[in-house]
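Accompanying notes for the structure given below.
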């Protein structure tokens, strides 16, 4: 029955439906494996965030990406 | 003063502004009725999530919908 | 299948298990009534927050309570 | 290392990337100044919410805006 | 750099620090495996919720547990 | 009217009510300064998380703290 919320940036190469399905399956399985919480009502919500709206270390990901290049 | 966050899937037939207003009014009233928390600063945020991004029981809602048909 | 998170302050007179159950039932019913989202996998999580940790209008609820008296 | 989530309405005049960067920098600095939590892994996520989806006092921001005019 | 929030119920047999570490490691690895998002600033927060405060299908987990026995 | 959620670890030297009030005041003021969002219904919620329950880079803060010493 756990609830999981994943926030990730929306990048130029978008996350595919297959990747999203793999994240949802993977987290649900992990919770069964590690703490044996039944998967039937496990809810996983993925939220994609613009790189302007996500900050790490006081900078937006947009700025961090531009410095990496 | 409570804060309420509602996450629901974005379906083909979208939730109307009237339905959203009814959810916000309904939750705010419920909190007054059940625990008598003054409604003036109650905040309700509705977030609509793509069916590819919402998983229950290890599967995305997209996949669950396709199996129901 | 919606997910609802309610954050409310933990007051001197605590919210009873009966009140929590009424909130969970009430929100779940509201989502069925307004947008007809099946209740079986609706998840509601109530989080109780110390009044020192909850702020409205730039002040903690602790301070607001003390001014009301 | 703190995590901060800011939910604000998406208005007709959108929040600029510069304003978002200023919010992220400002919150990160505030956490260093007030509680001395190292900024390197501080994460700030800004989510913009439609005014139909954000309610205060039992009304959507859309309705509150229309009454103010 | 993703952010993950896991909400699970606090049961009589508590989740151990080792299990929490395994959940944090497992989710972080999963995000690298599936979408190749660098793990250094991935943040995972586990929140334990009383069974009176967690509802599924309109009932608290406390009530659901009592019916299962 | 923004909503802000701050998650920080609960350390041996706890965050004082004065520090919490300063965080709430500081974030509320920042939102006025940067995006001119009226402070009266701004809500700030601070959640303190055990170091076993907060992970960065695949490790709990408890483990990271022990390595720093």
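Chains: A, B, C, D, E and F, in written order; residue numbering restarts at 1 for each.
Simple rule for what comes next: contacts are C-beta pairs under 8 Å (C-beta built on N, C-alpha and C of every residue); 3 or more make two chains touch, one makes a residue touch a chain.
Owing to the predicted nature of the structure, the values given are computational and were not obtained by experimental measurement.
Taking CA atoms, the transformation carrying chain E onto chain F includes a rotation by 120°, reported to the nearest 5. Of the chain pairs listed in B-C, A-C or E-F, the one whose interface repeats that of B-D (more than half of its contact pairs identical by residue number) is E-F.
If you average the CA atoms of chain B and of chain E, the two centres end up 21 Å from each other. Averaging Cα coordinates per chain places chain D and chain E 26 Å apart.
Residue positions 1, 3, 7, 41, 43, 45, 47, 54, 56-57 of chain D are each in touch with at least two other chains. Every residue of chain F that touches chain E in the complex is listed here, in rising order: 7, 47, 49, 52-60, 62-63. For chain D in complex with chain E, the touching residues are 1, 3, 41, 43, 45. Residues 17, 20-21, 24-25, 28-29, 39-48 of chain E touch chain F in their complex. The part of chain C that touches chain B in the complex is made up of residues 1-9, 15, 19, 22-23, 26-27, 30-31, 33-35, 37, 41, 54, 56-57, 61.
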